[in-house]
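Below are two complexes that have subunit A in common, paired first with subunit B and then with subunit C.
And now, the complex of A and B:
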């Protein structure tokens, strides 16, 4: 059981809600319409996990095959008749993912963003728990050094690793190591198939059991649901691979440039409404290998404290002076900016900076918050700084036309000096872009490390971006793209409101499809991720060092491929787990009214 | 109560201390406060008033974001490839013999690899939609890592999604501030960026010059004797390429290994070109020299050469390679390699194992081409005989590199117009550690025929005679 064989292409078609894995928007047949044999099939699929559930409060073990089929969920029975997510009711029911602009940007931000404080006793417990883990780890290290932890044939060499770092990864992180790097063997679409693995030695090593578990996917960055093995995108990509091969084995500046990439750059520029764009094969490298060209040693960079590692690496390589401001805090940004501009470069006796650059992300992937773009732009103008906006998570996912946070806030994209983003997420492909003025892009073409030295994008990968981008823009002649954007906005609002109603603490902005749910304690991260897996839900945990010690969290990423039934299925499981594990930390009043999808 | 007691206590201290000590301590206190304030103010001691600040802000004129670019800059006018890349390639409208793409084994044309990649696309979709940690690990990635480790006879491999970021992430995963890295001065740009990111002390030795390296190591040994405490904490690395991208020469691996042992260095080799081209079984430079692979600490390679896909990998002992899963920045913080390209790498490995004769075929072609291309009248050839990458330089140096580049560009353009695709190697001269002499970089393809090599020679010879 739980071990369905056959190729996942066909299994995918039998997903429990609708056939929306193939790049098409679902078409109205909710799970309620499933026939009896299909339900049987569902129950079979959703049973016999290879993971053990962790229960603390309510200790009656459930029978293994009791995982509920989503159709039996009746959270709001009176709303059950609403069909799920489609054009007929779309226009009156759901508003697009867009800032309303009725309030001042500041007020709107405060109304829609939540970073609820942790209750004091939880904070104490979290620290206590963490130190306990460290102490236990330390004792463990004293008593037991496994063979893998030593190096062979390098006696007398200086130790390769920092002692704390290897201690942490071996004796603390290892305890919940099974929650990451889980192998899958299917499309990371609305569902995914985990390859089950077990560990006999407390996380030192894993073995495959040979079984598989089908899960609802709340972990992948598949915001618009373009990850699919069938449908237009996959067809076009395959054709491109057949006509142009799999790679160029050369950089753009030697024999790697081609018409497809030029088309992609032109399309990207058009997508954002800017003059020009340049594309690279990896989003991480887009930041890390282009920031150094744009900044010199006499540049000041003002960077959000939650910025991504690729940005931080790029800044390190650039040699610019970096000052950090508090996450999304405009007052702190202004303070740092003002100080920087007024006092100049201290290393050069207060001489003015060549340039000052503000570096922010559109959606912060660990916080779920949305940058306060209108205010950042006002500050940038006031202090004559340049603005670099990393839209890795927001492009496609934000704004009524999917153009990212500029679209969301109705800001002219030309107000942002450098638009950066990746094709890995909403477009379901790989790579990154920089877009902006022609002058900027020409400069990059002649100075970008990645453009000159790194391999150019593989044709099927570029084709996936082209097709999905055209779909979002409606240039394929359908309204699939528009529907996807609306579906995501709708899913996001529904899911976030329902979570708030459950009483768990979530971070971030109500329109952000990245939803971190705070669990605080390190060990609860493991417990929640494992238990969710037994309920056939794949989610991501994040703890120290990716987050502050205090703020362990579970992150859900919503997708336009999810249906209401799928979200309800997840919410019901989360509700129970939150009760079992005591995650309902929120002290905010809960909305007693049912949340309308 | 407590306050009064404290006050009395302080009073008694004052009364019991000699005056000179009091004066000294007061002076000390003043100095400390002054120093603290001094630090706070940064370069400028005085706190500005609000009006002054406003004026500075109003007067501040930043430099433009980027400098203007010359519209005739050579990098703005790249050549456009209009066909699927293989032994032949269509460039800017000309059908050419391909001597420019790093498709050494000719796998870009391989239909079987393409079919398997497409099959993989139909199973997994195109993108992986997540980093390895967050459901971006697919069974193909694990498979590939397993296969590479087995192929190389080492314990563990780790796959990156971009060739450039492989070695650039691997180096700073181990080398930190305060560590020492000895590096060949001709290393490629990706290694240079990895060195920058590590913030270690970098010592460059002359290209492939083992004596120079030993001289530097001895110097370092002397310094260490003066400061043994620091020396006991300084990790030392030696970084080299199997075949150098920028010269086509092979590193003197046995000598490097001897020095590694003698001076307790950790040896990292970037085998982006040598993997899948050198050695009887394509295992790279270690096999070429018959060196035990355990002597090398870490081998990294791009898969953008002989494997004809995208991405890269590092391979080594479990102790070493595993560390990158938590500290290789480009591994952790980036989406995993698209599954179809991963499958292409697996299929390439299948071919490596099934048809090991392809490596000898490639080496034979490299030698044939080498012998032929040594005979240009106006160009000199650099590179090892068996290396699939070689450089052609002007035999008569022009007055500066810009001139040379212009001549070589013209040469390449005319060769392309006459049906032989060669390209000048692209460098960002202002960002390299030191300017690199312009050259035409030749990449050998296993499928080349002797007659085609002869023909290419004729074309390049005749064009170079007319251009130079």
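And now, the complex of A and C:
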């Protein structure tokens, strides 16, 4: 693996060879010349999106020139019939991999992405299950209205919630609300402690039992394991709280600035290899309050359909025109981009836009997929657009040095106009940042709502970021950061391959530490989460309307703090639960060989 | 109240949940099960079972697609869909999509089957035809957003 050091690369290479099933280390001689029709066929195939699109039955006219120019990016495929997703015993040929430098990034990305369409009967059952839930909800709404669902002292006022708009929250989602919102009473490290609750009225109200459950934590975004009650980060943060206090209670433009935050901005800029950076106290606000500063009414934004709510809110506040392209679909992105640039602003009679911006995320937190950054950058250059990359989940978790997807794809960070990320995940802290050219950051320092009006980062929180970032960069004199990055990568590969071996359907890229396991039916989300809790495993469910209606899932988040024994413990429980609840929907062949950690 | 639509995707799932895989099959199976339920009731003849199925189906279409406005979820948007019926929210208002064609065809096919099994008896034909017109008229593209005689305007 080109992204890792030689020793761990050897381990991954052996693991890769073993999963090939032929017991040989790939030697790269498998590449063969292809005839012209075969090349054309491969070009057409690989210009397709990395995922088989969900059949949404939309009647959208396709561009007439699609067949003539399938892609603006030149592919150089070296082999045909490269399997999609997981390794297969049916493929006896050895495959080139990134360690040999044979595969282009596009082919490798396609090869490593896991997506499988829902079986038709499962989708049908999911719909019928939802119908049943809605019918029961209507009956409940007519017959049983507990006190908590009524508003008091509202004479003469408009109701706070429309009865119909709150229907789903109160009568459908309420039944499994305990699987989404669970109180804990410990640091969310590799393990956490849940405060047990019981409900006598199907989720309208809860009572604490006074007992606690110690669980393996697969639900937190603790990618690098810096969320810990002990260690250098905790010690430094405690010292910072004692020396600098708990908060500045002022904005950066007034009394909330000091050397610590300036050092943090300089360190962040150095971390990413760009000119300058600016930090904010809230990760959500980094998107929601800075996009209005960067965009205006005559701006066009092309946004991925799976982007986060903070991005959506920021775009709406900015007043810019937003076009949506299908998730990680480069062909659709180019189609929307071309149409937007050619036809101009329809509200101004087709005049050119002031600016055009592509907005993508590094790792999508619901899908586990990774942005196809080299292709996005190629399109950005072709159409002279800006690129805004939200790395909330990918910073720290991707790349051999933890710098995010730019590190993972070996892309110059200066190619990305605006690097955005949060400190809430891999760094175990709070807040967000924007990094880029000095001209951009200086503009934001005078025009950003979050910089001029919001309170600055609290001193112990800033210290946590500083210590964890220095640990990742190795500036603390140790190699703890590098070890954590490698540990996360190994845990991710191991866990994903073991899940694929079990036969469950997972989404996303094989290097993504966000591992959504599809359970589809709404009721199964609750069953899986509750059963995992009885096995002392804490996981998070995700369902409609946060996901499409028939794609309920359990989202596992891996951490560098997890050990192989912990992952094996979780996988054993998941295997039993998958058997009991019928979650092994995958129709791909399974690798019979044991997965080597 | 922590379940808000639009957190990771579209702000109004009403526009797309009918387009997902499996909906057609689930819809037809649900319709078939209701019809079998009517057929299994003793003392109800086959023509009356078909008429009951057709009328109930069209009543459900009328209520759920053309009377209810807005969405049953709290949304990150300021809910511009509050004034739209469910039918007008499908596919964000784009006409002649596959979903709209399917939902328009089902009442018509069901009406034709009902006529076949009631042998075009006038007593059954009149209510069936009236219900078909009532649910098909608001589905026409020309009636998008139109409120005849201000019916269901607010």
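Definition applied: the second predicted complex is superposed on the first by the 489 of 597 C-alpha atoms of A that agree within 3 Å, B and C clash if a C-alpha of one lies under 4 Å from a C-alpha of the other, contacts with A are read in each partner's own complex, and residues count from 1 in each chain.
Note that in this section contacts are C-beta pairs under 8 Å (C-beta built on N, C-alpha and C of every residue); 3 or more make two chains touch, one makes a residue touch a chain.
It should be emphasised that the depicted structure is a prediction, and the values quoted were computed from it without experimental measurement.
Trainee: Touching A:124 in the superposition: subunit B (first), subunit C (second), both, neither?
Mentor: Touch status of A:124: second partner only.
Trainee: Once the structures are superposed on A, label A:366 by its partner contacts, choosing first (subunit B), second (subunit C), both or neither.
Mentor: second
Trainee: Is A:209 touching the first partner subunit B, the second partner subunit C, both, or neither of them?
Mentor: neither
Trainee: With the two complexes superposed on chain A, say which partner A:313 touches: subunit B (first), subunit C (second), both, or neither.
Mentor: Once the two structures are laid over each other on A, A:313 reaches both partners.
Trainee: First (subunit B), second (subunit C), both or neither: which does A:329 touch?
Mentor: neither
Trainee: Check the contacts made with subunit A and report whether subunit B or subunit C touches more of its residues.
Mentor: After superposing on chain A, more of subunit A is contacted by B.
Trainee: Please indicate which partner A:164 is in contact with in the superposed arrangement: first for subunit B, second for subunit C, both, or neither.
Mentor: In the superposed model, A:164 contacts subunit C only, not subunit B.
Trainee: Give one of first, second, both or neither to describe whether A:180 is in contact with subunit B, with subunit C, with both, or with none.
Mentor: Touch status of A:180: both partners.
Trainee: Could you give the residue numbers on subunit A that contact subunit B in one complex and subunit C in the other?
Mentor: Touching subunit B in the first complex and subunit C in the second, residues 161-162, 165, 169, 173, 180-181, 308-309, 313, 316 of subunit A appear in both lists.
Trainee: Which bits of subunit C are touching subunit A when the two form their complex?
Mentor: Touching subunit A from subunit C are residues 1-11, 13, 16-17, 19-23, 25-27, 29-30, 68, 70-77, 79, 91, 94, 96-99, 102.
Trainee: Using the touch definition from the top, list the residues of subunit A that touch subunit C in their complex.
Mentor: These residues of subunit A touch subunit C: 54-59, 117-118, 120-128, 131, 161-162, 164-169, 173, 177, 180-181, 305-306, 308-309, 312-313, 316, 364-366, 544-550.
Trainee: Under the touch definition given earlier, write down the residues of subunit B that touch subunit A in their complex.
Mentor: So the residues of subunit B touching subunit A come out as 42-44, 48, 52-53, 56-57, 60-63, 65-69, 71, 73, 75-76, 78-86, 89, 91, 98, 100-103, 108-109, 113-114, 117-118, 121-130, 132-139, 141-142, 161-165, 168, 174, 176, 188-190, 193, 196-197, 199, 232-236, 264, 266, 294, 297, 302, 304-305, 308-310, 317-320, 322-323, 325-327, 329-330, 332-335, 337-338, 340-341, 344, 421, 423, 425-428, 430-431, 441, 443.
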